[in-house]
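Below: the structure, in structure tokens.
Just so it is clear, A, B and C label the chains in written order, and each chain counts residues from 1 on its own.
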Amino acid sequence: MKKIFKNQIALALAGILAGTSAVAGTLVINGDTSDPAPKAAFQAVIDGFEAENPDVDVVYNLFDHEGYKAAIRNFLSADAPDIAFWYAGNRMAPFVEAGLFAPIDDVWADQGLYSLMASSAPGMTMDGKKWGIPYTYYNWGVYYRQDIFEDLGIAVPTNWDEFIAAGETLKANGITPITIGTKWLWTAGGVFDYLNLRTNGYDFHMALTSGDIAWTDDRVRATMANYQQLIDGGFFLENHAALSWQEALAPMANGEAAMYIMGNFAVAPLKELGLDDSTLGLFQFPEITPGIPMAEEAPTDTIHLTAGAKNVVDAKRFLAYAARPDVQTAWNKALGQLPTNAGAGVTDDKFLNQAFSMLNNDAPGGVAQFYDRDTKAEMASIGMEAFQEFMVKPERLEKILERLEKARQRLY
Amino acid sequence: MYSYWKNNQLKIAPWIFLAPGILMFSVYVIFPIFQSINLSFYQWDGLGTKTYIGVDNYIELIDDEYFIVSLKNNVIWLVLYLLAVPAGLFAALFLNQTVRGIRIYKSIFFFPFVISQVVVGLVFSWFYDPSNGLLNVILEFFGFDSIAILAEEDYVTYGIIAAGLWPQTAYCMILYLTGLNSVDPEQIEAGRIDNARGWRMLWYVILPQLKPATFIAVVVTIIGALRSFDLIDIMTGGGPWGSSRVLAYYMYEKAFSEYGFRMGYGAAIAVVLLIIMMIYIATILYRLYRDEKGG
Amino acid sequence: MFPTPIERTRPSTQLLYKIALPLSIIIWLLPLLAVALTSIRSGADINSGNYWGMPLGYYILNSFKITIPTVVGALVLSSLTGFALGVYRFKMNLFVFFMFVAGNFIPFQILMVPVRDLSLSLGLYNSVWGLVAFHIAFQTGFCTFFMRNFIRALPYELIESARVEGVSEFKIFWHIVVPLMRPAMAALSVLIFTFIWNDYFWAIVLTQGAEAMPVTAGLNSLNGQWVYNQHLVSAGSIIAALPPVLMFFLMQKHFIAGLTLGAVK
């Protein structure tokens, strides 16, 4: 009897709570900010939004970063939140095509984003519409041991010959030029992208990742020949196929290797391993084919209005909030990354300042998302696996290119 | 009504007892098998609608070199994993004594079977680690070059199987230890009188009596080999460049991984694995049937 | 006894055996020594780091939430099915029995797409109960096999005489057979506990994120995020391995009885 009574109270309470939250307007957001810094950063964004909009109650469902990539496919069709985290570029395409994201051109217009976010606009556009708000992006580049370069008298290389010469000097001193861990494949995608962007340019990169160019094309071969020069020259860390990207940080930190072609997120763990602003530096991947405009990789993370959103009004308020310069400044300060809104400020950090200027002033060729975000998912996995294989078995180049071409013909 | 129940109790009662079990088992195991078979004739990305494409998935399989690699690795797994059976037998023979503390030894030998394959996988990854792993420390100590087993396409599958053999040998050992317990002492004595010793004794007197243990050991080992997934996912993720994949892993990758979501294709791989498995299931069921009819 | 008891062999053999025993243990546990080495090495490498974001405790709790109901559920279902198949003679008996056995032997990966869809449509995806429901169903196959064979070995006369007395079938089950099944239940529960605790595949197929993920899958996601804190992952793996190991050492007799049923028939 007593128990039943208790249950009734619980039920009544639940009813009251459900009632109030329905009145307040609940905004459901699903996201993947599971690492400590992004988690805290986004919580601050939510708190700020709720403070400005006391009538909205934000419910944030946090997913594991890796698990999220599979999860989003389920919840978008089964039980859609109002807002979902995702990525720009081709990664967004399946959801737009399946009608699971909703266009938000009105938010873009109201907030003046067409001009403020001009650089990331192409990655958010499909069928002439805007499908989300980019909230952060981060640069890629060559992170290097500034102190080692100085000790050996190596100047920052600005073209391919200098780059090769720098590597030779490092090798002569018993230092592996480039550290890399290709166990989870995508790091090899970054190397390929830079070689390809520098050998053939941004437009070629986009055409190749869109499946418009054969993998047996001579221009791809030219990229691969440059790749092979690094491989045959022993530029890369030994046993890289056994290492994750994090494990490959250690040789860089303890001076066994001097360069890492990586994203900005490698800075924090490298500093944790003992490097600082005087020992760690960043330079733009050097020119290979003279005259080709420099293009960069800068993957953009985004939030989207879902097609199944129940609270579209508040969702759009949130998206507008997330696009605001002041919000993006604070958010990216906490993330240690770059804001997408040109009106936002950049944290005073050596690497971010340098990257911000690099992306805005020295990347006339354009900004690519990344190999696995620009190309179709299935092709991306086959491609990155091929790059890893090529890095260990360069003699299989012919077979590898043929396999990629076969996959391209099937998938596009 | 009551009398109907009374008269037919023996006919109805078993079905009442069976109902919940059959229901659960059908919903979660039996139907899904047929659903998978059905799905293998469709193209489906898990988002949109399913498209019937006949046997296209199977035609693609034949021409898919990753599938061939996975199939080949499955065969290697099947053959090498069975080493756990003789290894378990010898471990059991070694430990089938009554010296002091032998129970603790037996427990420690058995211990790898109790821990999760995730932990086994992590443990062996560290063991194989090219820079600091114990294996390479030992190799270098003896003057050999270090090898990154998990990054070499020629070694990786063997490296993972070795990790799998660790718990599986323990399992087979326990089966044989129990079997040895019930070996008829009179037959051993009779064998001794016939001057059968050592290997001859083992082969002609002991092994025939261990047949049930051997049967179970072989069955669980084959099933374990065909289900191998955890170790591969933990240790290599199928790499390097896909050379350590097996069917169970490849189907997961195709269906659910970040770059996959080809449900129909994954299902087609599942069907192939099921067909291989049916050979063994049929053997097991036949044996059971014979035992039931005979005994 | 085979092989020849060591105390009946020559003294040299006896000595050899006494040396070989501890030596074999060291070799057998060599990979585990690697873990110790890893912990020490990376412990020295890392002087700072954010460890407290690790939701390991959450994962462990989930593992218990998944494992315990599964053990209970599978025992209940399989004592019913085992009783039905072990005691009654009816036409479909062998067919139903074989269905359970065959289902238990399939490579369970082939169920993944339909079971995931089913869990999604039942609203059980990414919940502890979604995993529990599947595990109960799948384990029922093996447990039925086990229970049925165990009940077959019970004295049938007990049941017959009860029937002559007019005791209903349900009462026979509850008052006569269930008490006799206790050893089988003990053996099975230890076994199922270990199987389910160690499950990794279904954990990654049916869950995502910390709220339902058990420790096996959790460890792997930690390994991805925290790899430069490897000693923490190795500490985590020790914790993850602890419950089944304790279970095994405490209930060794039941565990082995469970595993070896059928091996000595």
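As a convention for this text, a contact is a pair of C-beta atoms (placed from the backbone, for glycine too) under 8 Å apart; a residue touches a chain by one contact, two chains touch by 3 or more.
Note that this is a predicted model, so its numbers are computed, not measured.
Farthest chain from chain B (centres taken as the mean of C-alpha atoms): A.
Looking at A-B and A-C, the interface holding more C-beta pairs in contact is that of A-B. In this assembly, the C-alpha centroid of chain B lies 15 Å from the C-alpha centroid of chain C. Centre-to-centre separation between chain A and chain C, using Cα means, comes to 40 Å.
Residue positions 204 of chain C each touch two or more of the other chains. Within chain A, residues 66, 70, 74 each touch two or more of the remaining chains. For chain B, residues touching at least two other chains, in rising order: 129, 256.
Remark: chain B residues 45-48, 60, 65, 128-131, 148, 150-151, 236-237, 239-242, 253, 256-262 touch chain A in the complex. On the chain B side of its complex with chain C, the touching residues are 9-11, 13-15, 17-18, 20-22, 24-25, 27-33, 35-36, 39, 93-94, 96-99, 105, 107-111, 114-119, 122-124, 126-127, 129, 132-135, 137, 163, 166, 171, 174-175, 178-183, 185, 188, 201-202, 205-206, 212-213, 216-217, 219, 223, 226-227, 229-230, 233-234, 248, 251-252, 255-256, 263, 266-267, 270-271, 273-274, 277, 280-281, 284-285, 288-289, 292. Touching chain C in their complex are the following residues of chain A: 34-36, 39, 62-68, 70-71, 74, 78, 244, 246-247, 249-250, 269, 272-273.
Interface residues of chain C facing chain B in the complex, by the touch rule stated above, are 1-3, 5-7, 17-18, 20-21, 24-25, 28-35, 37-38, 41, 77-78, 80-81, 83-85, 87-88, 90, 93-94, 96, 98-103, 105-116, 118, 133-134, 136-138, 140-141, 144, 168-170, 173, 194, 197-198, 200-201, 204-205, 216-217, 219-220, 223, 230, 233-234, 237, 240-241, 244-245, 247-249, 252, 256, 259-260, 262-265. Across the complex, chain A meets chain B through its residues 66, 69-70, 73-74, 76-77, 94-95, 98, 100, 182-185, 238-243, 372, 377-378, 380-381, 385-386, 388-389, 392, 403, 410.
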